[in-house]
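Pasting the structures here.
Each of the next two complexes has subunit A plus one more chain, namely subunit B in the first and subunit C in the second.
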Partner chain A sequence: MTGQSKTAIGKTNSARRRRKELAPSWLALGMNVPTLICFVLILAYPIFFAGYLSFHEVGVRELRSGDYAFSGLANYIELFGDPVFWKSLRNTILFVVVSVLLEVVIGLAIALVINENRIQLSRVTKFLILVPWAVPPIVNGFLWAFIFNTQFGYLNRLLYQLGLIDQQVIWLGNSSTAFMAIVIAYVWRTVPFNILLYHAALQGIPDHLYEAAELDRATRWEKFRYITLPLLRPILAVTLILRTTFAFMVFDEIFAITQGGPGNDTWVAAWYTYKTSFNPPFDIGVGAASAYVLALIVGVVAIAYVRYVYKKVEY
Partner chain B sequence: MANVSVENLKKNYGLHEVIHGIDIDIGDREFVALVGPSGCGKSTLLRMIAGLEDVSGGTVSIDEEVINDIAPRDRDIAMVFQSYALYPHMTVAQNMGFALKLAKVPADEIDARVRQAAATLNLTDYLERFPRELSGGQRQRVAMGRAIVRRPKVFLFDEPLSNLDAKLRVRMRTEIKSLHQRLGATSIYVTHDQIEAMTMADRIVVMRGGNIEQIGAPLELYDAPVNEFVATFIGSPAINLLEGVIDGADFRLPDGSTLPLPAAKPGDNGRAAKYGIRPEHFAIVETGAMTMMKIDVVEPTGNETILSGTIGGQEVQITQQQRLSLAPGQEIGVSLRLDAVHLFDAQSGQRL
Partner chain C sequence: MNRMSWRYRLGMNLANVLAICFLILPLVPVVLGSLQSERTLQEDVWALLPAEYTLDNFRLILSGGTNKGQAFQGIDYLPNSVTWFRNAFLNSVLVASSVTVLTLVLATLTALTVTRLKLRWTGYLMNATVISRMVPLIVLMLPLFVVMRQIGLLNTLPGIIMAEVGLLLPYAIIILVPYFQAFPKELEESARLDGCTRLASYLRIVVPLSTPALAACGVIIFIISWHELMIPLIIASKPEFMTLPVVLAGLVSDQFVFFTVMMAICLIGLAPTMLLVLLLQKYLVKGLTAGAVKG
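This part shows the complex of A and B:
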C-alpha cells in the first residue's frame, strides 16, 4: 500500500519536474534565435547562395531580370580556362607561403626575445608590439600605400636621406617590389597575433625543463631545437592553420596598395573573385565559382595541417 | 669521482641575503644530506652548486677548482629535480639518452648505456613509453636514470621523493641508498624529511635561515645536538624539552618538582635552561622512580607504544618497546637515562 502511494507521488513529482525542465531549454533556444537568424542571414545564406550562383548564369542582365538560368559546370569551365585565374592562384600560393613563413619566423623570434628573462621590456613596449594587430586591415593597407608612394612616400625619403638611392624608386610599378610591398604590409599587421600566441605558449613551458637540459649540457640552440620547438608544436600548428587560412583570403592590402597592379601581377584569388564579380562584366557566377575553389583549397590545407602537424603535448 | 667544497658561500636576492656565508666540505663518494625547514636555503645552496643560481659571495669548488663562473653545462653535474623535469615529448629511452645524444656519443653506445641504467632501475619494460604514461615512482626512476647514464662527477638530488606516497618513498629511499653504494658517486641530497636524511646520508648538514646549524654523521646529530633546533629537528617523535632552572645537582621545574642532572657544571647554578631527553630514554619503573608522569594518551603502534602525558605539568612523549595496558589519567613512575640528557640554554638554545 505505502509502496504504491510512494510510486504515485514519485510519478507526479517527476512529471512536474519534466515540465519544468522544458522551460529552460526553450528559453535557451529563444535567446539564441536572434543570433541564429543573423548567422543564417549573413553567413549561411550567402555561402549557400554563392554555391547556387556558381552553377547558374549570373550577369548584369540576369541580375536585372532576377532570372538565373542553370548553367551546370559552365562557370567552373570558364574559370579553369582563364589564365588570369591561374595566375591569381599562383600569386596566392606564393603569397601564402612567403607571408606565413615570415609571420611564424618573425613572430617566434620576437616572442623568444620577449620571453627572455635577461631582457626587460616595458609594458608600453609590449603593448606597442601588439598595436599593428589592432589596426583595421584596410587602414593598415593605406598606411603602407603611403609609405611606398613614389613621390611622397616615407620609404623613398628615408632611403634618399640615408644616401642609398639618388632618385625615386617606383616601388608599386615593378611586379616583384609591389608583391614585396604587399607581403610587408600584411606581415606587419599579422605578426603580433603570432607573437601573442607563441609568447603565451613559451610561458607555459616549465623552467625546470631548461634547467634539466642545461645540466644535460645542451647549448642554447640545442635547448631551442630539442625542448622549445617540439613543445611549441601544437601552437605552431594552430597558428599555421589560422594564418594560412587568412593569408589565402588576403584582400585589403591588395585593394589599398596595388589594386592588383602593375597590370595583373599582384592579383590573388580573393581579388580575382572581387574583380570578376563586381566589375564589368559582373560575372558573378564565375566569381562565386572561384570563391568555392579557394574555399576548397583552404579546407584541404587545414585538414593536412591537423593530420600531420598538430600533436598534443601532455606534461 | 669528486669532492665538492663550499666556502663562505653567500646568496642575496637584491638587498635580501638568504644564505649567510656557509662552509661545507664534501668528500669523494660521500652522500651528504642537506636538511632544514622550508626556506632555510637548502635548495638554493644545491642550485648554486649546480650553477642554476648565481653565487653572490664565496666560492663553490669541485676537485679544488673554483667553478663559480663555469656554466652549469660544463660542471659535469647531474641533478634529479623534485618535479623530475622529464622531457614530456620524449620517450623514457630518449629522456635517459638525451645528454649522451648531445655529447655525440654513438647511437649503439647510448642504447647500451640506457639499457644498462634501465635494468638497474627496473625500467626496461618502459623504455618506449612517454612520461605521461608512467606512475610517479616510475617517473622518479627515469629522472634517476637520466642522471646515472651520464656518469657525472657529482649527483644532486632536490627533494626527489617528496611527490611520492609514503610507502613508495620508503622503497625509493632504499633504492637510492643501494644505488649510491654501487655507483659510489659523490651525492648531495636535499630534503626536509629528517628520516630520509638520517637513513640515507653519510653526513647531514642541518640548515636554518641561511645558516648551518650543525654538520655531522646522523647518529652524531642525534646523540649530541649542538643546540635546541638540531635536537628538535632530528628524531621522531621529537625530543622532550622541559623548561626549568638548574638548581645544584637537580633541575627544578616551575611546579617545584625536580629531575636529576647528569653532572652539575659549576657556574650554571641558577641558570634558566631546557632539559632535553628523547622519548626512548625513559623507563617505566615500579620502584626508584626519578619522577612521576601523568598519562593522557596511549598510542600503540604494534612494535612500540607511544605515551603522551605530563611531567611537572609540562608535556612529554615517551616510547616503550613493549605493549602496555595503561589508562589515561594514570600516574606512572619513570626513570631517565641520565647519560642521554641534554641541557640547552633557555635563551640562546645552545647546548650547555
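This part shows the complex of A and C:
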C-alpha cells in the first residue's frame, strides 16, 4: 500500500518535471530578457547612437525637428581645432595621474595602519573608513568649496588660528590651488574604496610568510618590500584600472567647486562635453565627439592596464 | 612581531589619529556651518567656532522656506533649493528605492544564470558586463538625453529610474556573481531531486539563503543612486522632478549668499547614506570588496 503510493508520487514528480522543465539555454534566455533589454536600450544603443550623433549636425534646431544632417568629420575637426578641448584633455590627464597616485598612496597607508589589529585605536579607524564614501559627490564638492572659500572658508580660519597666514588666501581664484582643491576633494571621497580593497588583500596574506621572514631577521621595511608589496600587485592593478577610468569621468566636484574656473583653467573632459552640449551653443554633435574621444582613451587605458600591469600571484 | 616596541606602538597610534582626522575632519565645517546664522559666519571671519549657535537653517529648509526664524528675518530672496527641498527629498527616496528594487531583481536573475547555468553566452554576457562598467557615463548621457526627449521621458521620474537601472545593473551583477558562485551546489541539487525545477530551486533555495548578499548589494545600489547627479541633472530640468543632488546643484549660483543654508542642506542630504554606511558597515565592506575583486 505504502510502496504503491510512493511510486505514484515519484511518477507524478518526474512527469511534472519533464513537462515543465526548460532546457538550460532557454531558461537562461528567459531569465536574462529584462537585463538584455536594459543593456541594449541603456548601454549598447546609446554608445552607437553617440557615435552616430558625433558624425551629424545636432543643435537646438535639429533636436526640435528631429532630423540630423550628416556632417562627416566636421564635429571632430571643430573639436580638434578647439584649444579649450586640448586644455581640458591635458587637465584631465594631469588630474587622473595626480589623483590616482594619491588614492593609491593614501589608501595603502591607511590600510596598513588598520591592518595592525593589536592597536586598539585601529578599530575606530576601521569603523570610519567608509565615511567619505557616504558623502554624495555634489555635497562633497560644496563642502570643499566652503572649506576653500576665501572670505568665510574654514581653511583660512584654521591657518590663521595656527598663525600661518595673516590675510585671506584666494584658493579657488588661482589656477594651481583651484586644481589642487579639486584633487583633494575628489581623492578624499574616493580613497575609502582603495583602503577597503587593500585591507582585504592584506588580510589575505598568510602569516607564515612573515614568520619565515622573521626567522631570516628581515626588517619591517624588507617585509613590506619583499612580501607585502609583491602580493598586493594584483589588487594594485585592479584599483589602478578602476580608479583611472573613474577619475577620467570626474564631474561633480568640478561642478560644485570651480565650475571650470578660474577662466577655463580647471575644465576637464566631462565638463567640456557637458558645457558644449547643455549650455549655449548647445552643440550636441561636438559634445558627442568629445565624449567619444574620452571613451576611446579610457578603453585604451583599461586594455593596457589589464595586459601589462595585471599579473597573477601565488601564495 | 609578537611584542611591539613602545616606539612602534606610539607611531601606530599617531598614524591612527592622523587617519581618523583625515576621514572625519572635513565634515566638521559642514556641521559648524549649518549651526550658525549667516551673520555670525560673516561677522568674524577668523573664528573657528561660531559665537552663537542656531537651528534656524534647518527650520527654514524643513519648512520649505516658510519658517524664517530670527536668522532670516527681513530676507526676501531664498534659493530655489530651499523651496523645493522637501519635494526633492521625496523624489530621491522614490527614485533610489525603485532603482534598488528593479536593479536587484534583474541583477539576481542574470547573476543566477551566469553562475548556476554556466553557458557559453552567459560567459560573454558577464564579460560585457565587466566592460560596460568602464564606459564613461558622459558618453551615454547625450544619446540618452536625445532618446528620452523623443519618447517623452524627459522630466519624468520613470525616465530617471530607467537610466539609473541601466547604469547600475552591471555593477549589481558584478557584486552578486561571486556570492552565487560560492553557493554550494549540493543544496540546489537536493532540491532538484525533490522535484523542483531549476528556476524554483534558485528562487526557493539559492535566493533566500543569499539574503545578506542581496541586502548588501541593495544598500550599495541605493547609496549610489542617492548620490547620482549627472543623470537626473540632464533628464530633469523642471524643479518638480529634480532629485536631491540636482536641487543641491542649483545652489552653485547661490553659494556666496547662503553658505550656512547650503551646509545645512548638505548635512540633511548626506545624513541618510551616512546612517546606512555606519549601521551596515560590515555588509557593505563585503559587498564592495566582492564587487571589485572577483568581478
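The rule we apply is simple: the second predicted complex is superposed on the first by the 273 of 315 C-alpha atoms of A that agree within 3 Å, B and C clash if a C-alpha of one lies under 4 Å from a C-alpha of the other, contacts with A are read in each partner's own complex, and residues count from 1 in each chain.
Throughout what follows, a contact is a pair of C-beta atoms (placed from the backbone, for glycine too) under 8 Å apart; a residue touches a chain by one contact, two chains touch by 3 or more.
Note that the structure is predicted; figures quoted are calculated from it, not measured.
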{"item": "Subunit C versus subunit B on the shared subunit A, clash or fit after superposition", "value": "fit"}
{"item": "Contacts of A:Leu27 with subunit B and subunit C, given as first, second, both or neither", "value": "second"}
{"item": "Partner chain(s) touched by A:Glu211 [first = subunit B, second = subunit C, both, neither]", "value": "both"}
{"item": "Touched partner set for A:Ile114, first subunit B, second subunit C, both or neither", "value": "second"}
{"item": "Which of subunit B and subunit C A:Glu222 touches, first, second, both or neither", "value": "first"}
{"item": "Partner chain in contact with A:Ile284 - subunit B first, subunit C second, else both or neither", "value": "second"}
{"item": "Three-chain overlay, vertex subunit A: subunit B-subunit C angle, C-alpha, nearest 10 degrees", "value": "90"}
{"item": "First (subunit B), second (subunit C), both or neither touched by A:Leu231", "value": "first"}
{"item": "Per-residue contact with subunit A, leading partner among subunit C and subunit B", "value": "C"}
{"item": "Subunit B versus subunit C as contact partner of A:Ala270, first or second or both or neither", "value": "second"}
{"item": "Three-chain overlay, closest Cα atoms of subunit B and subunit C, distance in Å", "value": "5"}
{"item": "Doubly contacted residues of subunit A, that is, touched by subunit B and again by subunit C", "value": "211, 214"}
{"item": "Subunit A to subunit C touching residues, read off their complex", "value": "13-14, 16-17, 20-22, 24-25, 27-28, 31-32, 34-36, 38-39, 41-43, 45-47, 49-50, 53, 58, 63, 66, 106, 109-110, 113-114, 116, 118-119, 121-122, 124-125, 127-139, 142-147, 149, 151-154, 156-158, 160-161, 168, 188, 193, 196-197, 200, 210-211, 214, 235, 238-239, 241-242, 245, 248-249, 251-252, 255-256, 259, 269-270, 273-274, 277-278, 284, 287-288, 291-292, 294-295, 298-299, 302"}
{"item": "Touching residues on subunit A, where the partner in the complex is subunit B", "value": "206, 208-209, 211-219, 222, 226-227, 230-231, 233, 313-315"}
{"item": "Complex contacts: residues of subunit C adjacent to subunit A", "value": "1, 4, 9, 12-13, 15-17, 19-20, 22-24, 26-30, 32-33, 41-42, 45-48, 105-107, 109-110, 112-113, 117, 119, 121-122, 125, 128, 132, 134-147, 149-150, 162-163, 165-167, 169-170, 173, 194-195, 197-199, 223, 226-227, 229-230, 234, 244-245, 248-249, 251-252, 255, 259, 262-263, 266, 269-270, 273-274, 276-278, 281, 284-285, 288-289, 292-293"}
{"item": "List of subunit B residues in touch with subunit A within their complex", "value": "50-52, 71-74, 77-79, 81, 83, 85-89, 98-99, 102-103, 130, 132, 146, 150"}
